[in-house]
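Read the structure below first, then the notes.
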Amino acid sequence: MTDDPPIGADFDEHGEVAERNLRILEAILFASADPLSPAEIAPHLGEGADIPVLLEQLARRYAGRGVNLVRRGDRWAFRTADDLSFLLRREEKESRQLSRSALETLAIIAYHQPATRAEVEEVRGVASGGGTFDILMQTGWVRMRGRRRTPGRPVTYGTTEAFLDHFGLESLADLPGLEELRGSGLLSSRLPPAFQVPLPFDGPLRDDEDPLDPDDRGESDPVE
Amino acid sequence: MTDDPPIGADFDEHGEVAERNLRILEAILFASADPLSPAEIAPHLGEGADIPVLLEQLARRYAGRGVNLVRRGDRWAFRTADDLSFLLRREEKESRQLSRSALETLAIIAYHQPATRAEVEEVRGVASGGGTFDILMQTGWVRMRGRRRTPGRPVTYGTTEAFLDHFGLESLADLPGLEELRGSGLLSSRLPPAFQVPLPFDGPLRDDEDPLDPDDRGESDPVE
Amino acid sequence: MSDTSQDWFATPDAPRDDEILYVDVDGYEGPLDLLLDLARRQKVDLGKISVLALAEQYLGFIETIREKRIEIAADYLVMAAWLAYLKSRLMVPQAPSDDEPTGEMMAALLQFRLKRLEAMRKAAMQLVNRPRLGRDVFARGQPEPVLVERRNLWEASLYDLLKAYASGRERGIPQDYHLFERTVWSLQEAREILARLIGDSMDWVPLDAYLDQYLTNPEQRKTAMASSFASSLELARQGQIELRQTLTFGPLFMRRRQGDGKNN
């Protein structure tokens, strides 16, 4: 293959028009969300353009390339070349969105850490399903820090290095405070005077935190 | 794998490997709607592939076509050619239309970045509604970068790669009229421009955006 | 284009009444926007405008608004105070010992700010008229699921996170909470207003004396003075500004501290 596909033959007196039509055809097929029929393409090209010929010509140009112009019924579309299909993603690798409640729980853990599950629920005003914490642990962004030295010895949660890394934070101190959340419009300016945003803490264990035993899996959690 | 990259001549002894890499590169970039970084592409290519050279070569092949390979910050993507916009133009989505003040704020952030909210307000001479920054962050074009190392430790804002992609800029150096603005001293925040006029900067944290000391988790605002 | 010879000291044309009445403060985004519009009406290059005429027009406009007893935002009043001071500096000859800013310097500063704002507006228009993705230029319409290593399987942006936090916290605020109508300038507000006013002024400005003129409501005057003063002390403590008072009960001068901040 060469840098210039064999278009030399196209440059007869109509070559320039044909070349222009090929560029338009290429752009339209590239940008379209669906395969296109010649009838759908026609309005975009100049009068009298021979669309089937142009399509064949474009398909020839892309033959042997990483992407091919293929025909599906009477419609046309660009597709990754068959022999490169190993590049196509396998099912299980799909990226996933965190649910709203998971995102909110994560944010509260980040700001209020070290925080127990009960404390997170108190801030949220609703009970978190056990599944939420499981998912957050799966993301690798949340960890169990220790156990609070209070009745019931609840597990305290905090964020991880991977959390900082994913969200592009140098440190937890980079999380915006009350004034900035307000200034950027995320918090409304009509807040009670007592409203505060805590300073997150991810240092070593606090006085009221005990370390986890190596085999402690956080058994107070109803969901394993 | 080869050490020397004699790719210019496609049909020498290394031509076949280079051609295969080009096909894979083409397939991956063609398939993705979002710009991709060399690091994201690398795992799919043979060991030792010179990705920057391959990207340049692929970009040359597509120059002048209906679809071009363009650079957006550190990433690359196929986009329909600029000059075909009159044929392809679609109505802007309502949600993407920015108010005059949001647009002005976006421009000030883009040309003065990293910029704090107070600096944006100083240029505009008026308090920005918090909603403006919120909307700009929702578009994905503006992000919080870090904190300025000055009293009050205000959050600094900058633009994203999605900003470059949306406005068709290879880098911030492509911002319209940048040289002229710089030459006339209008990008400095002081009068007269006594020292070097700053250029907009979206790289990693700057000297005056130092990360916080580990024990400094000061709330932004001592006046409350 | 006949008045290009005007300089800062030129006698301003008396602002025409009809011109002023067309100006609706609601249509402006702050005092600088209003000034820029007034300057544009002089129909000359921003570098050649008569700053004195501009100050007169602005002050005349604020006067009209106040006569109609229309509420006007603090930003406009603070700008009026600054322009009144600018006007006095332009009209009164400078004493040699005087280390207050010269009228020319203040006028140049104002021109700089107007030019900068106009330049940013032009830049915004150029930006918005570029070939834009999804409007003029398009990405692949049928992206194919090619395997691309992402850093994480889970997708969430910092913005998503902060948004979730803020909305979660706001939901927890009792609904029956009523904010009392605030007629005071909070310390935060006063601080921000001062920062916008003296932001890039490197020279002494006697803010309080002039601010006083434009705050007619005694209640508002008190709160503005108290908050501005307290805020200026706070800004001074933080090393952002310097304060000076030459005689007891004399005007309080303030300026940005030399060499602060960015180079530090």
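List of remarks:
Labels A, B and C are assigned to the chains in the order they are written; within every chain, residues are numbered from 1.
Convention: a contact is a pair of C-beta atoms (placed from the backbone, for glycine too) under 8 Å apart; a residue touches a chain by one contact, two chains touch by 3 or more.
Predicted model, so just to flag it, every value in this text is computed and none were measured.
Here the chain at the heart of the shown protein, by mean C-alpha position, is B.
Compared with subunit A, the chain whose C-alpha mean position is the greatest distance off is C.
Subunit A and subunit B have Cα centroids separated by 18 Å. If each chain is reduced to the centroid of its CA atoms, subunit A and subunit C end up 39 Å from each other. Spacing of subunit B relative to subunit C, judged by their CA centroids, is 29 angstrom. Counting only residues that touch two or more partner chains, subunit A has 27, 30-31, 78, 80, 87, 168, 176, 179, 186-188. Looking at subunit C, one finds that residues 138-140, 144-148, 150, 157-158, 188 touch two or more other chains. The touching residues of subunit C, counted against subunit B in their complex, run 29-33, 35, 75, 79, 108-109, 112-113, 115-117, 119-124, 126-128, 130-140, 143-150, 157-159, 187-188, 191-193, 195-196, 199-200, 202, 231, 234, 238-240, 260-264. Residues 10, 19, 22-28, 30-31, 44, 60-61, 65-67, 78, 80-81, 84, 87-88, 117, 129-135, 137, 143-144, 146-147, 154-155, 205, 211-212, 214, 216-221 of subunit B touch subunit A in their complex. Residue ranges of subunit C in contact with subunit A, taken from their complex: 138-142, 144-148, 150-158, 160-174, 177, 179, 188.
For subunit A in complex with subunit C, the touching residues are 27, 30-34, 77-80, 87-90, 93-98, 100, 103-104, 106-108, 110-111, 123-125, 139-141, 162, 165-169, 175-176, 179, 181, 186-188, 190-192, 195, 197. Against subunit B, in their complex, subunit A makes its touches with residues 1-3, 22-28, 30-31, 44, 65-67, 78, 80-81, 84, 87, 168, 170-174, 176-180, 182-189, 199-201, 203.
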